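Labels for the chains are A, B and C, by order of writing; each one numbers its residues from 1.
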Amino acid sequence: MKRFLDLADFEPAQIRDLLALAQRLQDSPEPGALAGKILGLVFFNPSLRTLSSFQAGMARLGGSSFVITPGQGTWQLETRLNAVMNGGAAEHIREGIPVLASYCDALGVRAFAEGKNLEQDLGESLFRMIDELCDKPLINLESAVNHPCQALADWKTMDDLAVPQRAKFVLSWVYHPRALPLAVPAATLHMAAQRGMEVVVARPEGYALPESIMNKARAAAAAAGGSVSETTDRAAAMAGAQVLYAKEWGTTAHYGDADADQRLRAELTDWCVRESWFKHAARGAKFMHCLPVRRNVAVADEILDGPRAVVRREAFNRMVVQMAVLYRMLKS
Amino acid sequence: MKRFLDLADFEPAQIRDLLALAQRLQDSPEPGALAGKILGLVFFNPSLRTLSSFQAGMARLGGSSFVITPGQGTWQLETRLNAVMNGGAAEHIREGIPVLASYCDALGVRAFAEGKNLEQDLGESLFRMIDELCDKPLINLESAVNHPCQALADWKTMDDLAVPQRAKFVLSWVYHPRALPLAVPAATLHMAAQRGMEVVVARPEGYALPESIMNKARAAAAAAGGSVSETTDRAAAMAGAQVLYAKEWGTTAHYGDADADQRLRAELTDWCVRESWFKHAARGAKFMHCLPVRRNVAVADEILDGPRAVVRREAFNRMVVQMAVLYRMLKS
Amino acid sequence: MKRFLDLADFEPAQIRDLLALAQRLQDSPEPGALAGKILGLVFFNPSLRTLSSFQAGMARLGGSSFVITPGQGTWQLETRLNAVMNGGAAEHIREGIPVLASYCDALGVRAFAEGKNLEQDLGESLFRMIDELCDKPLINLESAVNHPCQALADWKTMDDLAVPQRAKFVLSWVYHPRALPLAVPAATLHMAAQRGMEVVVARPEGYALPESIMNKARAAAAAAGGSVSETTDRAAAMAGAQVLYAKEWGTTAHYGDADADQRLRAELTDWCVRESWFKHAARGAKFMHCLPVRRNVAVADEILDGPRAVVRREAFNRMVVQMAVLYRMLKS
């Protein structure tokens, strides 16, 4: 495996195969598998789980990591092509990425969406550039509209919990003080569709996911025998749901317009998940979230501290599935 | 060993046993003892010695580490129970700590006192919460009122230097531009008491250590055959002293009141250790400090560059004793 | 090897020997050579290549590293002798450096020039103090006026490309929005002189390299059978050049005077390397730069993206030659 950039690049069978490898490595550790291998990790944006789980996972396989955080201990990196670099950035990724790639055996990069122009973010122009610049195996640690490591961990979490393939999976928008990127909702939607689930996206007016993302998920659902639909009716969505996956994201109706987004979301503070949301859900319905989560803003304590929440397992599975990705990329 | 949170949790015999292990590992390295083991290190506050000595010690035993610094490359973490998280913190330690613990084999956490409410800081409420959230071995890298790694290193330093058990040990307040936490003075006092020394706390009016801390030390001294007293008379304290341990801390008379503290300490700039302090001390009396230390503010160059100072040895012993703690926790 | 501070401390034969070791380790990896060894890395200033290549190189030899960044996660460190430390710095390097050295088997330190007083920076007073304080092998990761790791990597890069020993090597000043240190130009000049090349320094009025640096290079050139000259005539310098090494630096005529420097450099924005510079250069002339580089400010895209640029190879060779330095220092 030379690239792990989007779950959509893999067939469901390949994903199940990767998950089986993850389980095998969990059950039968191979502490020397990646001895001498080096993972480079570049974080243009903050991280807790990705930062620690990749370093821990690499170490569990006998390998090493180094971390680069542009602007913190390292120069700010320019990403625009043909830029006249007389601003804050001292180095261009056209130098930075190939140089870092030359020091390691695989490179992981996190670069969130710019959040100004929707078409541009949907086009993943920055990650495409990084992809071209990196001649080593490359892992997407969250790009403008993707987060395949999270999606793979979430798939495994549902497998671990024996959530049926055809179960009803609700991806619901939840409140947050600010507009967040589309990466996790897009990746989650596609993952659930690809797994063959009955997926419903519940979101307020103004927060519909972009049509290209919906269409890509619909195609995956069709291939896998599932379905994708969307609604503003939260209660209807939750009826019979076996999984509620909550996520915060910014308005797509006024993408990149922080003021318009604030006006819209000011009315939406009741999109904070509480136990009452589950009144007509399936018995034992689970609550998922990729973390970090703002307690009592996006999700109430009663949910996160209650028996439905499987968020810690999702987070633990980040390390588990990433070890499988690293193993596929680097095991000689 | 599942917890290393407070030297007071251990009997003196257990501590001497741990110090013997530290010496054994120093004399006969075991470079593969913790192969494949992973230490997670979480720093809510700055560090030099702890950050580097734990990573180095873990590596010397064949293990690995990762470092998380909330607010620097990682989300700010909320610590208040039931908080409505609409401020700067994106994640709660109720998620953060269990997730990080799930990636590693032992977790170390540094979280200084809030410094507003004395009872609350004395209660170690934050560290108690972290303790409950962490299902892996846990190490206190300095909490509100404790710093057991420093205390253990200081105990070993006195053993290395053959400072007698019954020696006179002066813990003296020294000047600093700002109020610093009580963690080191509290831990140092208890360590010297537990070692059975004749401990005198010298501090100006307004800087008495809290009664609960004094009482806990008195009990330890009684059990070990030593004593604990306190005075504002620095010269009397220093008479016959074999060890002077200098430390900066904030007023307890007006705890959390920065202005009142400033007014008090403005008169106390002569509490800067100089050679003249040792006029009536025992021959060859030693000078100790946990570092970092402000030269010519808390302690004069002539002391730190002179033969009394054993501060570098104390710092080196941080790594040595921490290796014993890690070994006890993680060696299969 | 106990010190790697300045290429001038080594005979050309010793350098060639070190480069041969670098090549040998590249061709025949020794993944266990430094097992159990620990490298401490201290960065007073930002880094991308040094930070990652030292960690990666150490890991490729089986060793470990830790990173300390004063002011970021670690206390600010005072460097002035006899300072009364009532400002921002909580710790002095007189404590910090020996303590860090005591945790590791070799220490690397980056500390740029203060950039205020030329004589003081030329005297390397800070690095001399660090040198005295460190009782472990010490590596200069870029000091006030030196950067031996970069110089060694550049020497190897020219060897890799079969640039003849007697080739014409132009070190040219290029534009940058701010005054940068003299470390790389000084180290580069000396390296090319020591390699026996025909070295020409091309720089505008006001940007002559200090006489002591020029004289040191002239002596090295004389010993190696090469030459060193300087000119403000860029075109003349480039005639027949086989290598153009571009570098930004601050005025020496008004050293430490940011305003005067700005007035001078405001007229010099055409010192941005373009293909036209190579009109009368030797066939196949190469372009070198230590990175980071500001595209279209110091060097045009057409150069960095074209066939002359060997900057990525220079950066890769940083890791390669540093592994040889570490091997010499730490291999038992």
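Quick note on the criterion: a contact is a pair of C-beta atoms (placed from the backbone, for glycine too) under 8 Å apart; a residue touches a chain by one contact, two chains touch by 3 or more.
Note that the structure is predicted; figures quoted are calculated from it, not measured.
Participant: Is the contact between chain B and chain C built from the same residue numbers on each copy (over half shared) or from different ones (under half shared)?
Facilitator: Answer different: the two copies use largely distinct residue numbers here.
Participant: How many degrees of rotation bring the Cα atoms of chain A onto the matching Cα atoms of chain C, given to the nearest 5?
Facilitator: To bring chain A onto chain C, one rotates by 120 degrees.
Participant: Return the distance between the CA-based centres of chain B and chain C, expressed in whole Å.
Facilitator: 40
Participant: Can you tell me which residues of chain B touch two or more of the remaining chains?
Facilitator: 64, 72
Participant: Which of the residues in chain B come into contact with chain A in the complex?
Facilitator: Chain B residues touching chain A: 35-36, 38, 40, 64, 66, 68, 72-75, 78, 82-86, 89-92, 94-96, 98-100, 102-104.
Participant: Quick one: in the complex, what on chain B touches chain C?
Facilitator: 29, 31, 43, 46-49, 51-53, 55-57, 59-60, 62, 64, 67, 69, 72, 177, 291-297, 301, 304-305, 311-312, 315-316, 319
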